[in-house]
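Listed next: structures, encoded as structure tokens.
One chain, chain A, links the two complexes that follow: it is found with chain B in the first and with chain C in the second.
Moving on to the complex of A and B:
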């Protein structure tokens, strides 16, 4: 009796396994071939001196690329810029989007979704269209920024915003900011809508101020969303590429290089393929580490 | 007392939000009005806030200055050898403005990525949510880990793989990695988890085949999720500039974003032409977004990994 049941179970398990893998197969194929394999190759090639040439053979150099990396002034500068971008963008994006979301959730549903669309527009417009218009606005002679600041009396000479190492990175951060708040606002609006209303009402009956209601009741409940937003904003800021490539190409004099742009530059302009991959591995490690920290924080929250 | 205070605050925050909304829409406003301005107004050092004379000159230039073939057919028996000895064939086909060809490419790319992603992800998401099989948790862990890694890093190794597969400079090179990216599978698993197990069980007892169960029971239940994934994939692949930049090179294979970026690099100060290009690239996708924004929002919120 027992034996036949386990036999039945086994055939059921086998059937489920076969069906499961058949359903997974198409997706797994693309995932393994076009995501997992290149990830593996990124790590593998980072140990080789390799260029994009067809007839040259890669030579194994162990940790050579990594050693060079930490003496490469341009890479360290790019890493510094990337950290500046992340450190400035992440808190401002989170605070801004939380404020906007809490301001628009109380409005009529039509208004809420209208504002949600408006703040998402810069993302949908696409990096190329967004950057070309900002490039015009930042322009030395025809740009709107110089005109406005001059008429307001803030500056008396035109500033070459993107050509000046003192301002260029901040100009890029401003654009990155406008293209980064869309998704967090959508997430916060939905998270604030899911806050347990009975708790909020109970607190209001007990005479809590709106500020107390927010920090004592809503904030802890939207904490998982905040952590998620911190992670996606960090990853996006670390990957900042299109803005740099289209606006400054890392210039003037590498002052706006980010890690991602420098990877592209080494691999496709200098054709140092292995070296670029070593940088990619370092970037992966940094992001994996940050994600792991977030994951741990999220667990301790529960 | 409390209500009055919150009313004053409400008006204050409404005003601020409106001001911010105006600032956020300004770049788009500047693209669209800029594309209709005359050269004189575009290059005036005092900004012209509203075009005094609307002109289509910029769009005419966009359509006439750059050309590309709409499609190419191989001319039969036209094989020949180029000077360095590589075999080649002659092509023939109608010529259209390059922007039109780029738009056709972009739509084709985004639609292919969308259909393939929805098909593979809904099958896989259902399997991961409802089937109990060996290796399931391992695959799921792999998917979640891959999602936390920077997507752009794999592009450098991908280019070599694509060259080896003879896919470099084709739309497939852009589409396949988008299909492989596991976000869709994750999203569909979230949706498929809501299907009650009893329904699937009774379908099995009735003797329905696996495929029949999927098409008649599972698919109708995860349809809103598929809609969300479809619009999400469409918009994000349309705007995936880095991938397009790396994988596509010849003029006839460019996407609209790439084409406008190249045009901008060649005509740095012809802002009218560049704005016309930017408007041409951005307006269609914005319209798609506004129409389907409900599904889109759903996709974003359901795809959020919780703790």
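Moving on to the complex of A and C:
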């Protein structure tokens, strides 16, 4: 009797396992076809001199593309710009999101929701539409920024925001910032709402200041959310492409080139697939390394 | 009962499938991808041409996809790599001959060129459609000479209209300099050397090459010569000329918009298509109603040399002899038959030949004042040099060079670097 019950349990477990894998199958299929296979091909092709052409043959060149990469001034410039974007965007996005979330969490639910919608709007708006609006605001001839600054007497001559190497990258970072804060704010509002209120009340009863309550009670509890936001924002910042392609094409004077844009340019304009893939591999390694470090740091603080 | 019903429905579907296709079993369907070449970017106009073709050629069906210059090349390249290239494509020699043809993706159309074609089609156009090995990857339909435009009312307001010849549409370099100085006293944005990229590069090349008689490539189209003293002198002039601003934030299309809006007094990215545009006002008028006059680029030479635009059809070799034959039939119908007049008129450009299948194409725009006036510029059509290998990379390097000059870099160093990059691409 016990044996047959055990056999029945095993059969049920097996059925559930099979069902589970069957449910996973569609996702697994897409993951293998659209992530793992392209990733493998990217790494594989990066060791070849692979170009467009019906009669061209890919030639194995080992680490030739990688050696060329680190002697390519445009790539190094693009890497530097990408690092600037990450270094500036990630902390500011996280800090601003946390500040906004802290400020709106304790408001009336209607107001909290309203602010969440306002900050989330740029996220759900198409990047082309967002770019068109920002391009209009930055316009050298009739843009609203020049109009306001001239009206306020701050400048006496129009600034070519996207056409001047001194400002272009910062203009891109500002747009990236506005399109990046929406999701972190929503996540932080949710995380702050889940903080154990009994601990907060106990600390307040013990005489803790609001700052102490935040750093000693709330901050540790929202650390997993912070870690997720940092990793996601870092990856998004590293992959900044659409804004560059639609606004500046990497100019002026390569001042807004990013690694992602340079990959696109190399592969689709110069048709150097092997070289472009080598850049992709380097970018992947950098993102993986940084994400691992962030996870490690996050776990050690947890 | 349910099984019987299912069986009946299945049989119906199977019969419908085979029965339906049987009626068109002999049809060949070919795909045409077209860049926005005048009305060839407008589905209403193209649908009519395709319907006429299909009526005249039963058994051939044509599907059309419309490309934009901003991302059209990316779409085509992706399609090529995915073995999904269109059967037919409409564009110019710089893409069909110098790019996809040179890379081995196109069908050689040399056999389409009969003796009558060679006699009728302009030599400069023929030269652009063939590569050095004698293969033709484009069968041409229409052409134009790219020019510049001025706001006549603004010129009149500062007395600069006396510096231009409104009859021949020409002016000299000195007259251009004087006109810019007069206009700059009233407007800090007389003209823009747009250089953000994405098309319209012919305008920036033409103003620089024409001012002091420089050339962009050598006569054999094997080498870029933009670092010649004439070109350097022209770039230095433009960089130092008050009112002419190098602007890396706008492209050719945006320069046209700024000119139409009355912000700029001149546009370097212009042709008959722009002159005929009626989006915001009647053809030949700015948004505010000022008169737009097409002008040749100013030069100190005997006559200007305008960049040509030559557009026609190419066939991708997708491995189907049947489709290639159908595509050739399409090309001959559109570009060398009684229907060619309509196909050319649809483009709003000019025919590359005087007659097609006995039909006179020189009079297709009779009665159209704007087109008639524009024909005065056509004799200034210069060498079609956009067939140098490595054209795509050279074009990007050109924008970068202009951006550097605009930001105050040494002109000689910037053009030397451009030529080194472009010639390296040409040599690959």
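The definition used in the following text is that the second predicted complex is superposed on the first by the 276 of 302 C-alpha atoms of A that agree within 3 Å, B and C clash if a C-alpha of one lies under 4 Å from a C-alpha of the other, contacts with A are read in each partner's own complex, and residues count from 1 in each chain.
We take it that a contact is a pair of C-beta atoms (placed from the backbone, for glycine too) under 8 Å apart; a residue touches a chain by one contact, two chains touch by 3 or more.
Source: prediction; values computed, not measured.
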Exercise. Since both structures carry chain A, what do chain B and chain C do when superposed there: clash or fit?
Worked result: clash
For this session: Classify the contacts of A:268 with the two partner chains as first (chain B alone), second (chain C alone), both, or neither.
Result: both
For this session: In the overlay, answer first, second, both or neither for which of chain B and chain C A:289 touches.
Result: neither
Exercise. Is A:202 contacted by the first partner chain B, the second partner chain C, both or neither?
Worked result: neither
Exercise. Once the shared chain is lined up, is A:95 touching chain B (first), chain C (second), both, or neither of them?
Worked result: neither
Exercise. Looking at the overlay, what does A:76 touch: chain B (first), chain C (second), both, or neither?
Worked result: neither
Exercise. Between chain B (first) and chain C (second), which, if any, makes contact with A:254: first, second, both or neither?
Worked result: second
For this session: State whether chain B or chain C is in contact with more residues of chain A in the superposed arrangement.
Result: B
For this session: For A:142, decide between first (touching chain B), second (touching chain C), both and neither.
Result: both
Problem set entry | Stretch of chain C penetrating chain B in the combined three-chain arrangement, among 58-66, 94-102, 112-120 or 166-174 | 58-66
Problem set entry | Shared chain A surface residues [contacts with chain B and with chain C] | 52, 141-142, 268
Problem set entry | chain B-facing residues of chain A, complex | 13, 16-17, 19-24, 26-28, 30-39, 41-42, 45, 52, 100, 103-104, 106-107, 113, 115-130, 132-137, 141-142, 144, 147, 178, 183, 186-187, 190, 209-210, 224-225, 227-228, 231, 235, 238-239, 241-242, 245-246, 260, 263-264, 267-268, 273, 276-277, 280-281, 283-284, 287-288, 291, 295, 298-299, 301-302
Exercise. What does chain C use to touch chain A in their complex?
Worked result: 73-74, 77-78, 80-81, 103-105, 189, 195-198, 247-250, 258, 263, 317, 392-393, 396, 399-400, 403-404, 406-407
Problem set entry | Residue ranges of chain A in contact with chain C within the complex | 52-56, 138-142, 160-165, 248-249, 251-254, 265, 268-271
Exercise. Hey, which residues of chain B end up touching chain A in the complex?
Worked result: 2, 6, 9-10, 13-14, 16-17, 20-21, 24-25, 27-28, 30-31, 34, 42-47, 116, 119-121, 123-124, 126-128, 131-134, 136, 139, 142-143, 146, 148-158, 160-161, 176-177, 179-182, 184-185, 210, 214, 235, 238-239, 241-242, 245-246, 257-258, 260-261, 264, 269, 271, 274-275, 277-279, 281-282, 285-286, 289-290, 293-294, 297, 300-301, 304-307
